[in-house]
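Following are the structures in question.
What follows is a pair of complexes built around chain A, which joins chain B in one and chain C in the other.
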Partner chain A sequence: MKTLGRYISPGWFLVAPFLLLVAAFYLGPILNILWLSFTDPVPGVGNYRELYESDALVRIIWTTVRVCIVTTVFSVLLGYVIAYAMVHAHENKRNLMLGFVLVSFWISILVRTFSWLMLLGRNGLVNNAFETIGIISEPIAFMRNELGVLIGMVHYMVPYAVLPLLVNMQTLDMRVMNASRNLGASGTQTFWRIYLPLTTPGLVASTLLVFILSLGFYVTPAVLGGGKVLMVAEYIYVQLLVTLQWGTAAMLAALMLFGVLGLLYVMSRFMKLSTVFGGTAS
Partner chain B sequence: MRSGLFARFNRVGAWILLLFLVTPALVAIPVSLTPKRFLSMPGGEYSLRHFTALFSSPEWLSSFFQSAVIGLSTSALATILGTLCAIGLWRVSSKYSEVVRAFLLLPMIIPQIISAMAFYRLWVPLGLLDTYPGMILAHTILAAPLVLITVSASLANFDPKLEQASRNLGASSWVTMWRVILPSIKPGVFAGALFAFILSWDEIVVTLFVSKFNIYTLPRRMWNGIRENTDPTVAAAAVVLIALTLIAFAVFALVSRRNARQSRT
Partner chain C sequence: MASPVPTQGNLNIRDLSKKFGDFLAVDKVNLKIEKGEFLTLLGPSGSGKTTLLMMIAGFLDITAGDIDLNGASIANIPAEKRNFGMVFQGYALFPHMTVRENIGYALSVRKRPASEIKARVDEMLDLVQLQDFTDRKPGQLSGGQQQRVALARALSFAPPVLLLDEPLGALDKKLRVEVQDQLKDIHDRIGTTFIYVTHDQEEALSMSDRIVIMRDGRTEQVGTPLELYEKPESRFVASFLGKSNFLEQPDGLYALRPEKIDICAAGTGAGPARLTGTVRSITYFGSMLRVMVDIAGGTEVEVDVDSWRINTPLSKGQKVDLTWSDAASVKLARG
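This part shows the complex of A and B:
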């Protein structure tokens, strides 16, 4: 130990247990899945060729990307409004607002999905309320379509969008904005030409974070989509646990994995990743 | 930026959005009080029968128990591994340690469906499918990165001179860790332990893959109830979960406020 310690910093002995655990029980099987995407059921790029040959697969991927993009746009937009109001509120109000964000962050995903199921159904609360007021005569189909999936996903993702934006906005020097006002720019001009550009790092981080999290989302699309909105995660689930076919599922997982890693790389160009996740977790 | 109208508009909008975030979950409360035997709103009459059903059902109770066991074990293991790892990386602090840190955060950011596939793939040959160790190990790998983050944040505020002082005064590295480093990073360790527990307590995707009959956690039973979409016991369980979340949040807020006050004085 002593002699080894001379070559290796002793800190590594504390890192080793978790590092080995992740390498053996996490990285190992993930590499195995990547391997499977080229070897199951027959060696070669057959699984990837399906992307050209199977319309169903292309449709699933397209649905996933479309739903994720729309979710991301709405979540970041709504998150921006919340974060902006938070940094400009007094400290007590800000803490209260942060409390709201964190509570919604912590409420079980299953509880929330269940609630949306109650609210959005044909005889759900929303439709009943609308009918009582007389806005609509026929129930609106909120569920078993993309609308329901989007409502549920945006609702889940907004807190994730808020936190990186908040971290970014809190570091801004307000004197810059005051200078702009003093030099004669209107509030609107100052926002569009000074404030918004300064929050680009936060916007990029929150956009990519929400997009990445949406890509692999399973629970909400599966329940609120009711089988009508088939996305990649649900397809993988069915392939593995119902039809027991690893090849296609492994190929989709590989695509998703490389997509996520690519986006993480882009994100690391704009912001220290640990700041983003640190913000998410606290 | 005091453009009155715009700011007011923004503030009102933000509060409406915050209400949109929190209130939908509350619909579980009236549904859980319905006297009917199917999922519905109570039409003026209220009954606690679904809570009685929840707390007298051996299935639900066993799920509560299993989730608590798995959550507490995961939290303990993840806290130990994550804290050690954070201290180690903090000690090393080189460019390699930053690469390793990024690598170790991956389980948190890689989509859960891929993690679920990975665990399922390996757990089958290892015989860990549908067992407590299998669930706890999988959740620990997902949760320890959270501890790594919270403890690292605490370490960033820790003055390394304190460690040097302790070593200079003759304390061994072990004693220094227990008596000097750990007490200073306690808030980060606690926050990490709590986040790890919540992650495990609420985890469904990996659970769906690596559990079957023996292990039937609370999220799994809720999932089943949601898919069947008939039995109001699910609503009662949802209300209990919301109450637990609020309690956990209140405790967390109180503790972190006390810590903030202590570090200020």
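This part shows the complex of A and C:
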């Protein structure tokens, strides 16, 4: 013990059980997936070569990325507006708004997805109402297409977009905004030149969080896309349980994993940058 | 810079009030501030100094009253159009901009040409002696340097009035004295009207042309440092600016500064004693001695004596005589 302790800080012994746990339940499966992606059904890079050879696969990945980017843009924009309203609202209103944001975390994604169908489906509330009033003669196709997927995903993601922005905006010193106005800047100038740059760390965090979470979406595209919007997560599911091509599934999983790790790396660079100008004056 | 606004302004504040809910933070303040004056708002924390300044700057709506700049009301002009420079409590520098960008901001939002901005920023950097720090961010500067950036930024667009809210509050004592001198020097050179908020009486005494003593949202007394120190009108002013003894006389309350009292061993004075008492404590401060004297009847009088003037050492418990000239004690108009 003594001799070991000389080389290893005793703190490691305390966290060792948890490290083992993490290794066994996270690292192990991940390595297993990597292993599978190179060995199933035959050893080699065959699974990865599919990326070049299969149009379907490329289309699925492209759909996923496109849907995720659009979802992220709208979620973060909405999240920015909501967070801004929350920070600048009166305290009791702010708590009410925060309550709404948090409640949406507790409602199952299934419930939220199906309620969109009831609301915007062919025979949903909105289409029925419009038809009854006579605004439209044919139901509007909100659902069972990419638009439906986007509506459902943005709805689910907005609270995630709000939180990092909220934290960021709450720490801002409002005197800085006053100083900008005092120096003759209009509200618009103050927003673009002061407020937006100072909330960039929150925007980056929010964007990456939403984008990464969106990549793994399964339920919403499956239900609201009506089978027309096939995204990576659903495709992996099909490969695993229907066509039993575990190698392809593992390859896609590995691809997403490294895509996310790459993004996180970019984020860590950004966050470091943010600390450079994070040391505020006051 | 060819500036459309005069670089000096006089302000006339008339019956200015501010209510937060039911709470009257500023109560019917009347003040005339002359062109180029260095006016200090001095008062304890919570006396309404910042609120008054924020109304002048345009960040707070006026509840009642009016403010005129060079004869015209500015009450309805928004903050960004008032053209008042302001050094905020805590400086409020833009943390993501360099020193140069911070100082150039006011001209840049006015869409001035780059060459003019550069020239003006250089001029400002010279004024506050920050030529070597142009590319640093505020987070990389010391408190004193940040304070100077804030000052340069506030002066960059040649405002007619500069408002300063406890600009030295974050600095340590020694640096504060140094920066006081620099501030005063800058004021003398550019001649802009300064309205300076502080709760530090030494700062107020040493820098100001005039001081406004604030108390509970009202102006307690206005005057030059000398007037306020020598002729306080109330007990509050006498004890807030420097120290004072208070003597109850048949015709009213008198203030008496500790350093204006002569002290000597009982019976050794030239004339008759005004008060006699016993020494309770003596504290040595190098250049002076602080002697606390118990007067018969229960009051206590503080006497500050220059050390060099004590020829026979005083000791605790000793009987002493206190004398002072008629001019030394001031009758207070208000309690």
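Here, the second predicted complex is superposed on the first by the 254 of 282 C-alpha atoms of A that agree within 3 Å, B and C clash if a C-alpha of one lies under 4 Å from a C-alpha of the other, contacts with A are read in each partner's own complex, and residues count from 1 in each chain.
Operating definition for what follows: a residue touches a chain if its C-beta (ideal position, glycine included) is under 8 Å from a C-beta of that chain, and two chains touch if they have at least 3 such contacts.
Keep in mind the model is a prediction, meaning the values are calculated, not measured.
S.K.: Give one of first, second, both or neither to describe whether A:186 is in contact with chain B, with chain C, with both, or with none.
M.R.: Touch partners of A:186: chain B and chain C.
S.K.: Of the two partner chains, chain B (first) and chain C (second), which one does A:86 touch, if any: first, second, both, or neither?
M.R.: first
S.K.: Comparing chain C with chain B, which touches more residues belonging to chain A?
M.R.: B
S.K.: Just to be sure I read the superposition right, which of the two partners does A:48 touch: chain B = first, chain C = second, or both, or neither?
M.R.: So A:48 meets neither chain B nor chain C here.
S.K.: In the superposed arrangement, which partner chain does A:38 touch: chain B (first), chain C (second), both, or neither?
M.R.: The answer is neither, since A:38 touches no partner chain.
S.K.: Quick one: classify A:130 as touching chain B (first), chain C (second), both or neither.
M.R.: In the superposition, A:130 touches no partner, neither chain B nor chain C.
S.K.: After superposition on the shared chain, which partner residues are touched by A:197: those of chain B (first), chain C (second), both, or neither?
M.R.: Touch status of A:197: second partner only.
S.K.: Per the contact definition in the header, classify A:10: touching chain B only (first), chain C only (second), both, or neither.
M.R.: In the superposition, A:10 contacts chain B only.
S.K.: Quick check on my understanding: which residues of chain A belong to both its chain B contact set and its chain C contact set?
M.R.: 181, 186, 277-278, 281-282
S.K.: Taking the touch rule as given, give the residues of chain C at its contact with chain A in the complex, in rising order.
M.R.: 57, 59, 78-81, 83-86, 88-96, 105-106, 109-110, 137-140, 146, 153-154, 156-157
S.K.: Using the touch definition up top, name the residues of chain A that touch chain C in the complex.
M.R.: My answer: residues 173, 175-176, 178-186, 189, 193-194, 197-198, 276-282.
S.K.: Would you pull the chain A residues touching chain B in the complex into a rising list?
M.R.: Answer in residue numbers: 9-19, 21-22, 25-26, 28-30, 32-33, 78, 81-82, 84-86, 88-89, 97, 99-104, 106-119, 125, 155, 158-159, 177, 181, 186-188, 190-191, 195, 212-213, 215-219, 223, 232-233, 236-237, 240-241, 249-250, 253, 256-257, 260, 264, 273-274, 277-278, 281-282.
S.K.: Could you please specify the touching residues of chain B with respect to chain A in the complex?
M.R.: 1-3, 6-7, 10-11, 13-15, 17-22, 24-28, 31, 39, 41, 81-82, 84-85, 87-92, 94, 97, 100-115, 117-122, 137, 140-141, 144, 146, 148-150, 152-153, 173, 191, 195, 198, 202, 204-205, 208-209, 219, 222-223, 225-227, 229, 234-235, 238, 241-242, 245-246, 248-249, 253
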